[in-house]
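The structures come next, written out as structure tokens.
After this come two complexes, each holding subunit A, first together with subunit B and then together with subunit C.
For the complex of A and B:
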């Protein structure tokens, strides 16, 4: 009592100014970070949204740009009767879509399988495997793109390895020009069965939807894009494996013990404990994979710059190219369209997670 | 005991008359084979790149698969060389030593400032009551949802307005704080028992003294983790410097310099130089990774928390 009384008195006496001090401290602590975030994220986003309704060329002061209303957005979707911007946008949609469809499921499945393997009780050198799988994801995307550009070169290591294996099996292999091959991989696959652009039915090669023939729509990612997809899978699988591994190790062991006491087989344990417990993590990995894929840019910049024949143009790439080509207003509009696409997919994904959590 | 007997029963019931350990051995062999195969796939590209960076240009072109110098058509051997590194450091197209300096200068400055700003903000959100705290928190959460690529043109717009294009300011200041780091710090500070601050308060310490003298030293593991993420992110960043620099190549960072060299050489890429440049760019991150491995691996579970 004797000790507590003075301290309460002291606090009571300074209560107002102490509160003021606390507020001042709060403002001072949060302000530097808040200013950075507001000035370099919110303000730019807001002004870029306004700019997307102008013909700003990126060089003149933004206030001198002329307002064009919804024109930029109309051009993107071809609502104003022109097709140049629209066609390129839908090429980018197609490319980005194939890229995502190839990369996300593959990296998620691989990461999951590897995580199960690394998580086995008896495994030794676990630290080594973790480091090996994680190293690519701490490396600069530009360095990785440079190394892959070299590996996938016509006389490079990849062709060398495939040639070596083919030789060993007694097969013929003519080196692929990975970095400059615009042929779609589905197109190449169909050719194996004798279906080519000449033998395909006319409705496929002559009907044009949004600037591309049906044949072009279904011919798949180009060989060059495939190389970039392999690069992406190679880079991200390790990180995702570690996320799965952390989730696996978070599953309480008692659950398995209880299940095996109840006579559940290993397969039943896997199906009824592991799979449901991993579900939130799986959706998380799918989401970050999806968001990452929609933004693919650095690798495109180094490896192909949208070439060959526009088959590696992605949405992010055309956003940048419009900025570079003095069409910053249009570029900003494209960026917001991309923002909406990503947001929509994220919301759809959230819904799915919500459902599974309720089950 | 009884459960393992049950687990083994179906196998023998199906007529597999194998020694008791065979299943385990097979499983181990399959497991290690798969893992080693994948580990090789992850490591070999780097091994090839590093080995070839020490080879002569014609040797790289002729024998990329060899990890040691090859043999010329006339039978004389190629030798190990530092040519690629010398050419990278002396190339006329870009000031490579300056790019090394820029990368270090920018990554270190950003790391220090971000650790300071993020921990201050994280602490305010975790412990201090002030009007507008809810707003500040909501604003920060909002930024987590903005994809980086969407910020490309907006960032350019604001840097242009500030007159910062082609200056160090544009490469530094926008990165002094980030929402993700602030949340990490907030979470950490919330885990510190309140009693410690209450004791300090009774002793009459101000918030500032309390933060810098008592709280911050306790946060060193969290600060280290954040510093590593900040350094890695800044060191490897490409899009930021790409839009912030227009004509001033003296401010190029290493990733930008590499991409630029690839661009100017077109199809005739000088591989000795490019591989050497890649190794130089990767080396500092590799060293940090091996020293602070634990933080990286644990950091992944933080990203898990983010979802």
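For the complex of A and C:
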């Protein structure tokens, strides 16, 4: 049918050249996907961008909202002299930053180690371990968060185990209220050396930068946030492990064989073959880990709702809270700031890790 | 071949037209309404469904479908923003002003029967710009639950003042039991703030009035119970909320709404307890009222039918059918006696209607509520003074009020 049709149709209709026909066919094939992407991704993204310049409250149809120019963005960065939105935003930045700093390196390293282990030929029940490590990742995060809520309960399993071990060692352990402890872990650490808010130097407790004193900036994640970080690490490591595992199996055996012929030790093989060969994968794992961390939401929603004392407020959480509390315009602006932050960090990371990434 | 195809097409087209026309012909007689609400418990859902069924049986021209949705706020937000709101829906007093400002609600109050029968405080919770928008369907207040077994063993009677309450908490804190459970939650502390004679803002919401000696006394009393060791937070006790701590006998007292009663009856049937009004502070008695109304949207397609239905739900008959379940209290003063005959032990909660304050602030105030909760937990952790906390709340609050 399509082969070499005469250039003038019977009814004198418009006829495409062969190249044009190919092009039309190509577009026809991608049309369904294109429509889906445009309708469900680009249009919402674009309308969210427009909404970020309005005072939309989320309760009336969006086109009834009034434009406010850059006001939402000015409030976020405190450029209009107000501090409430700015302070909350920078608290969220601090919390998200500590969260990411704790979760991304830990889960990446852990995932690599686990992948390396379950990739060993001599390991028995490999299939079981692979499934077991991957299992948390396919379970609903809401379900896992609810279970963690129980585990980290003051009378829960975690405190029970720590208390039991401490008891066995003859130590005193007063149960930690994991899900409601606003103390920063760096503050707790400093307290061991007698440094508290009362003994810290004045330049720390009296210099305020963007709504928080230096002492508050260096608090570290709160104990509650730490519990959420542990949860996140436990859940995501499985996915990352799977990615590493696939990459490990892609490394040609000949490389190792050639290396051992040349007299390379196991450690040298790991350092000079495995790690460089995994570089693109590491970049990928770090990137999706980073994006996931900056967007952390469901665990916060279930476990702490930003409490205690605002120490688990993350950027994604305050986006949601503003959308819910009739400040959708401000929420949309925050979401775009988050987008820019993620984009910037991904580029930085690409510069650092991805330098030699091929493709 | 061609002919039969054409005939088939014609037949299909006719069938489609018939299908399309049929319901609209029927709709000329019957109005279909959707009532949207959240679902709090199976027994509550069942009762509401029965009330709706009764209505449908008695009113063939107005047929109502009950739609109880999870994640209510988001669902309502979506349907309002989409311009297709349900015909009747729940509005919490806390969200009310947001919706009024968005011009989402139709003021239907004046069109209802005997509105003077609603408790003034509750009618007031749904009045804005001088208009009564939507009738309160039911309400809850805070009261003090006391563990009668512990009180009798210690030879104490129910506290009626702050001093008595503190003394009781001190005496009852022993053998691993604490006097009272105090969540770091503005929605509880605020009853003490009002009890001390304090206030959050001025009446017109133009500036904060929370940085006052009264508020300081309220905060010192509340957090003092905790700092002196007579009280714990729910999280300290390893429970989800105050009711659970009280039910498990971890504390002798708890201040909660009347929703605690069915919970205790269900989960801790052997617990001996009773409710008393919140102890009076230096400024007198105070409690909080949490209430929800049946609202009709501004863009209602069938406002008359919707108003008629709401009038039934919140009329003496409909409300009695609803509140006789004992979960929430009737908002009509005329139903008081009949309801108390069924639930005499809930009288302290119902008495609160006389002096309760509404749980309602201006749009955008959530940031201030967060700040209060944060400062309360800081004071309770010993990292902040009551005076410092109030100054901080005042600063944030004034900025929020100014930027409205």
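Heads up, the rule we're going with is that the second predicted complex is superposed on the first by the 318 of 359 C-alpha atoms of A that agree within 3 Å, B and C clash if a C-alpha of one lies under 4 Å from a C-alpha of the other, contacts with A are read in each partner's own complex, and residues count from 1 in each chain.
One rule holds for everything that comes next: contacts are C-beta pairs under 8 Å (C-beta built on N, C-alpha and C of every residue); 3 or more make two chains touch, one makes a residue touch a chain.
This structure is a prediction, so every number in the text was calculated from the model and none was measured.
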Superposed partners subunit B and subunit C on subunit A - clash or fit: clash
Touching partner for A:62 - first (subunit B), second (subunit C), both, neither: both
Which of subunit B and subunit C A:307 touches, first, second, both or neither: second
First, second, both or neither for A:342, with subunit B first and subunit C second: first
More subunit A residues in contact - subunit B or subunit C: B
Touching partner for A:275 - first (subunit B), second (subunit C), both, neither: neither
Partner chain(s) touched by A:182 [first = subunit B, second = subunit C, both, neither]: second
Contacts of A:133 with subunit B and subunit C, given as first, second, both or neither: first
Touching partner for A:155 - first (subunit B), second (subunit C), both, neither: both
Touching partner for A:243 - first (subunit B), second (subunit C), both, neither: first
Which superposed partner A:109 touches (first subunit B, second subunit C, both, neither): neither
Offending stretch of subunit B which, after superposing on A, collides with subunit C (from 186-194, 222-230, 240-248 or 294-302): 240-248
Subunit B/subunit C common contact set on subunit A: 58, 61-62, 153, 155-156
Residue numbers on subunit C that touch subunit A, as the complex places them: 73-74, 77, 80-83, 98-99, 101-104, 184, 233, 235-238, 363-364, 366-367, 370, 373-374, 377-378, 381, 383, 396, 399-400, 403
In the complex, subunit A residues that touch subunit B: 7, 21-23, 25-30, 32-34, 36-45, 47-48, 51, 58, 61-62, 114, 117-118, 120, 122-123, 127-136, 138-143, 146-151, 153, 155-157, 160-161, 164, 234, 238-239, 242-243, 246-247, 260-261, 263, 265-266, 280-281, 283-284, 287-288, 291, 294-295, 297-298, 301-302, 316, 319-320, 323, 328, 331-332, 335-336, 338-339, 342-343, 346
Residue ranges of subunit A in contact with subunit C within the complex: 57-62, 75, 82-85, 88, 153-156, 177, 179-180, 182-183, 197, 306-310, 321, 324-327
Subunit A partner contacts - residues on subunit B that touch it in the complex: 3, 6-7, 24, 28, 31, 34-35, 38-39, 41-43, 45-46, 48-49, 52, 61, 64-65, 116-118, 120-121, 123-125, 128-133, 136, 139-140, 142-143, 145-158, 160-161, 173-174, 176-179, 182, 202, 206-208, 211, 232, 235-236, 238-239, 242-243, 254-256, 258-259, 262, 269, 271, 274-275, 277-278, 281-282, 285-286, 289-290, 293, 296-297, 300-301, 303-304, 307
